[in-house]
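The two complexes that follow have chain A in common; it is paired with chain B in the first and with chain C in the second.
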Partner chain A sequence: MTVSITFLGLLMVTFFIGRVVPIDPVLAAVGDRAPAEVYERVRIELGLHLPLWQQFYIYVQKVLTGDFGRAVLTSKPVLDDIVRVFPATLELATVATVLGVVIGVPMGVLAAVNQNRWIDHVIRVMALFGHSVPVFWLGLVGLLIFYAWLGIAAGPGRLDVGFDDIVEPVTGVILIDALLAGEWDVFANAVSHVMLPASILGYFSLAYIARMTRSFMLEQLRQEYVTTARVKGLTEGRVIWRHALGNVMVPLVTVIALTYANLLEGSVLTETVFAWPGLGSYLTDALLAADMNAVLGATIVVGTIFIGINLLSDLLYRFFDPRAK
Partner chain B sequence: MASETNRIDGEGLRAWLLAETPRSRAQSRLGQAYVRWLHFLRNPLAMVGLVIVLALVVVAALAPWLADQSPYAQDLARRLQAPSPAHWFGTDELGRDIYSRLVHGASITLMIVGLVVIIVGPVGLMVGTVAGYLGGWFDTVLMRVTDVFLAFPRLILALAFVAALGPGIENAIIAIAITAWPPYARIARAETLTIRNSDFISAIRLQGAGPLRIILGHVIPLCMSSLIIRITLDMAGIILTAAGLGFLGLGAQPPMPEWGAMISSGRKFLLDQWWVATIPGIAIFVVSLGFNLLGDGLRDVLDPKGK
Partner chain C sequence: MRTLTTILAAGAVAIGLGAGANAATPKDTVVMAAQIDDLISLDPGESFEFSGSEVISNMYQRLIAYDIKDVTRLYGQLAETWYVGGDGKTYTFKIRRGIKFHSGNVLTAHDAAYSLQRAVIMNKSPGFILTQFGLNKDNVKQRIRATDDHTLVVETAGQVAPTFFFYCLTAVVGGVVDSKAAMANERAGDFGNAWLKSEASAGTGPYKLVNWKPKESYSLIRFDDHWSGDKAATQRVVVRHIAEPASQRLLLEKGDVDYARNLTKDQLEALANNKDIKVQQERKGSILYYSLNQKNPTLAKPEVREALKYLIDYDALEKNVLKGTYVVHQSFLPQGFLGAIPDRPYKLDVAKAKDLLAKGGFPNGFSITMDTRNTSPITDIAQTMQATFAQAGVKLEIIPGDGRQTLTKYRARNHDIYIGRWGPDYQDPHTNAETFAMNEDNTDDAKSKTLAWRNAWNIPEMTAKTKSAVRESDTKKRVAIYEEVQREHHKTSPFVIMFQQIETVAHRANVGGFLMGPSFEDNLYHAIKKN
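Right, the complex of A and B next:
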């Protein structure tokens, strides 16, 4: 219920944005030399003569059937464009989240166990740094150091030019497509390309995940069952990694889902820096060309995913935590 | 009392501020502020933040004197020069002195943050307190609206607004402000809900004060501290969003020496002339760090729950 109201609100916002654009949609369609009757006909065809609430109603209907209009840039339906570019963003965001979880969770646990020791300070500094550094600048510095100076990472893009079009796109996620096709060099090349942008993006989720893990763990380690487990003679490792961390997992899933959603935001800037052909780059290109159908379509998709992930994390929480039922 | 207040030498003032039994409201207020300041002084990181933010203000104010070269003066014969005594941070693709541009960019950053805060603070405060105090359908509608804004990546919403309004620094400020106010409304509302039912509000109401007077005179002052903390902490976010918009070419337009736009124009020369793109980023980083440290420090001092 709440979700559908939020979604409707989202559509209202995008509808409103579409209305305040100083570009006349009729002129954009017919050109400024069209005679008055053509102009009037197109105006009626586009439904612009109707009262606003009716226009909004039609707009909602169209969006719900997946009709975001045509993108001027590619002259294809916006939805097709989004379906084409989305796997690249998904790939980037997933690798980034995996990095954030694999490194961030153990770091958070260690920080909680060694409160106010060096690892605890490291996490605090990392979070502070993450709140202060522009992600696009970090991406550029990363390219400079790891690509230009050290030569460890591959350059911008998803693949080297020589590896383009070897693998047939099945899922659109190159890492998976390459594995399915058994093309190991393509897979290795794709990994070398995704690692740097994913690390940059993953840094931000890592800092957040580590901090949240730390505070959840601190709360758990104060509980009586931890004392009981220790009194029973369990090893400290088992108490921390099994008992305490096991109970932290539930709220942690929510945190991870939320960072995943936030990566969509960071990916706009990161994709631009790394010429990563995903939703972020698509949105930026559309913005610079003032291609409003594409901009609003991408905005709706991102907003919907955001709302969806929020809902999903809520459901996961209820599913995993018996107390929330 | 007159003899005490007249003695404004160091020790006397201190004693007056820290008096156990203040004799006037002003003395007690100033005394509290002084105690908070002492707390603040004891936090070295917060002091670093304060120094950075003050330095930003000073640099912005004294830009014409600190930088002897114009931020717009082109000299194509000396384009893309490495840092040197003549050009501390080198020159950009049009031969402009990067140091001068950075110094002049400080006032742009300050202006963006200042304008956003001036728009967003009062709006959030009014919406939140009115919704919290009046309750009912008014509250429900306003909170639904903030829900929609919060259920949305902020940068992307700002991007969509800028796309609609057209690129430019004024529109970037408007777009950031539109997307930034809901959290403040939330905070103000939450504070108002706890204040609303307290005895002193009932007392004022019994004396005949109307809602407007209660909200303006009694609720808002109590919401201020948590709002100030939140705004200071958010300033870094505002700077980063504005820089991001500038970087994408949707915020400040060339030749304005905005730091994000400077990074964007230096990007093309990243591999050979790294300083053009990286140095403005360091400026953004340092300033955001300053606001973050200051915000953390203020939270420790002002937040009554933290004590």
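Right, the complex of A and C next:
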């Protein structure tokens, strides 16, 4: 119930904002040169001659039957578009988050344990850098170094042209599809393409995750149970990595989940630099073109992701925190 | 410091995991990096975007075409011969024999009739190019007909300059579609539109469609049974959407693409000394202009209009901002069009502009706004204008906006000054003459909303003269009228035409043969070859 009200509210706000922006959606559909009669016909086809509330009513009715309409930008059904662009974002965001967690959490722990020592400072500067440098710049510099100079990463795009269309899309996530088809060359090529943009994006979540881990850990390390554990003679490693970090996991999961959700919305700039056809640039292009069907469709996806990930992190709570069981 | 090194090393290893990035494109495949996000349809009866024109022209052919090196020369593509009847309204085309479509079906005059009829009946964005000859969904089946398998007859409503009609047929919308294949894939009476728009090609051109992934790429493969000498030299052409020019440059330098289509001036300069990369250029039909809304009483003063034409540093802009992308051009017909003139009456002359402003009653200048879309090079030009305008006391306030936003305002005639780009709809001079020099009804709810109308420029005499050119069957006389109208336009119009686009393409030195003409529909792939 709450979920459906949230959705309706989300739809309503997006719908009405889309209608008040000073962009003519008919123009977006027919182009600047279309003669008056074509313009008028399309205006009626789009239902724009009806009162606003009626347009909204019709839209919601259609959405309930699974019809999101056609996107002007691609002239394909919005649902098809999302099925195509979302896996690209999912692939990138997942790899990025994995990198962020695998590197960010230990970095945060290290920083907390060595509070105010040089390791802490270095990690803090790195985290600060990750948070303040524009991703656009970092992406281009990354391409320049790892692709153009060192030649260890592949360039923009999801695959080299030679590997295009070898694997039939099943999930749309090339890494998975390639494994399913047993095409190791395609898999390796896809990995070489995803690693650089994922590392750049991962660096941003890493910076955030490391900072949060550090502050959570500092708080735990001051607790009495840590002193008790040390007095009991447990090794320092066990105290830190098992006892303290174990207690940090609960709030940390929320942080990670939110970072992941943010990445799943798509990152326009990274997608642009790396020619990654994902949800972020799709949504942005649609917004700028007043392509309301596409905007609303993508908004619903983003909304679903947020709700889904919230649910997931609730479930993970129970897993990490025995008290919640 | 060890931690940092370890982390960086870990990152590098992670990146390198799958490495083995191929440094060169496959031998039988040409790869282009281009901005193709404007592509929304691959149906010749519907497409009206630059990218669409280009890809469709490689898959479909028209009845007649023009020589891209000399636009005044028309030749038969799918039509072998043609003639105009004595009434000046009946055109007969003899269709070539033995030409095959991508499906293997043989081309007949019925296919040509079907293609033109469907474009008229669907009446999508480019439909007006045909409907302006008095064709509509009710009469099109009588007026466009195949009298036998090899004869097509088209009747226009009134007598027009034959060149006007022929050039309109050379447009993408004149592309001939395989009628059997289109009908077999028809959905809900759409003439196969949904199918041709994104799934397949049904033409006679040297390439056929493999697939199109919107905002990602399109891929073409050689049509082995292509009939003409324009048989494709390379098996496959893949065009990838790479939005960021800096990424395009890196891909080209590494050899991961053979062509980069949207490099900027700085990038081209940086590549100038790279032996592996060459550059080719061609003038395109688009022009950059700014226009003055005549609803604004200040801008309506003839002296002000003229003064503002002297407040642009045309040469400096070309040299410092636009090099390799635009050249100075001051008339509404771009070079490469019938009737184009090379006149350059204006250059930066602040003293003269001040003088004119004083005569117009603004010795100390005035303040004015300009709607400016947020894209390069428009914003750069706007900023330079701001500086040169200020020298004569004109305070220019730039209102930035998204393209569709500024356009919505422009079309509603709510702007003061609008700066924008105009590309011709087809290769006949009438396309630009109509929009820049005709305004049949200056009221707010006029039917025809040309650029002259958008700027509320009321010109009954010029409208009549421009219209007469379309009916002039003597090509020499027709050219003379356009020349005269353009010279008058220089002096009196509220349009300050500044530049004409040149398309600059950078490519690997071992690849060549990309043909470029004055329009995007003249960008042809069939001769591209790799060594």
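The rule is simple: the second predicted complex is superposed on the first by the 234 of 325 C-alpha atoms of A that agree within 3 Å, B and C clash if a C-alpha of one lies under 4 Å from a C-alpha of the other, contacts with A are read in each partner's own complex, and residues count from 1 in each chain.
Here is the rule we go by: contacts are C-beta pairs under 8 Å (C-beta built on N, C-alpha and C of every residue); 3 or more make two chains touch, one makes a residue touch a chain.
From a predicted model like this one, the values you see are computed outputs, not experimental measurements.
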First, second, both or neither for A:L140, with chain B first and chain C second: both
Which of chain B and chain C A:L128 touches, first, second, both or neither: first
Touched partner set for A:K76, first chain B, second chain C, both or neither: second
First, second, both or neither for A:L312, with chain B first and chain C second: neither
Contacts of A:P156 with chain B and chain C, given as first, second, both or neither: second
Chain B versus chain C as contact partner of A:L218, first or second or both or neither: neither
Partner chain in contact with A:T272 - chain B first, chain C second, else both or neither: both
First, second, both or neither for A:V253, with chain B first and chain C second: neither
Partner, of chain C and chain B, that touches more residues belonging to chain A: C
Touched partner set for A:L180, first chain B, second chain C, both or neither: neither
Contact residues of chain A, present in both the chain B and the chain C interface: 21-22, 140, 143-144, 148, 272-273, 288, 290
Contacting residues of chain A [partner chain B, same complex]: 2, 5-6, 9-10, 12-14, 17-18, 20-22, 128-129, 131-138, 140-141, 143-144, 148, 261-262, 264-265, 268-269, 272-273, 283-284, 286-288, 290, 292, 295-296, 299, 302-303, 306-307, 310
Chain A residues touching chain C - in the complex, by the definition given at the top: 21-24, 27-28, 30-38, 72-76, 81, 84, 99, 103, 107, 110, 119, 122-123, 126, 140, 143-144, 146-148, 151-157, 160-162, 164-165, 187-193, 195-196, 199, 272-275, 277, 281-282, 285, 288-290
Parts of chain B lying in touch with chain A, wherever the complex brings them together: 144-145, 147-149, 151-157, 159-166, 236-237, 240, 243-244, 247-250, 260, 263, 267, 270-271, 274, 277-278, 281, 284-285, 288-289, 292-293
Complex interface listing, chain C residues touching chain A: 1, 3-4, 7, 10-12, 14-23, 25-26, 29, 31, 37, 40-41, 48-49, 123-125, 127-128, 131, 197-198, 210-211, 213-217, 219, 238, 240-244, 246-247, 250-251, 253-254, 256, 402-405, 407-409, 411, 425, 447-449
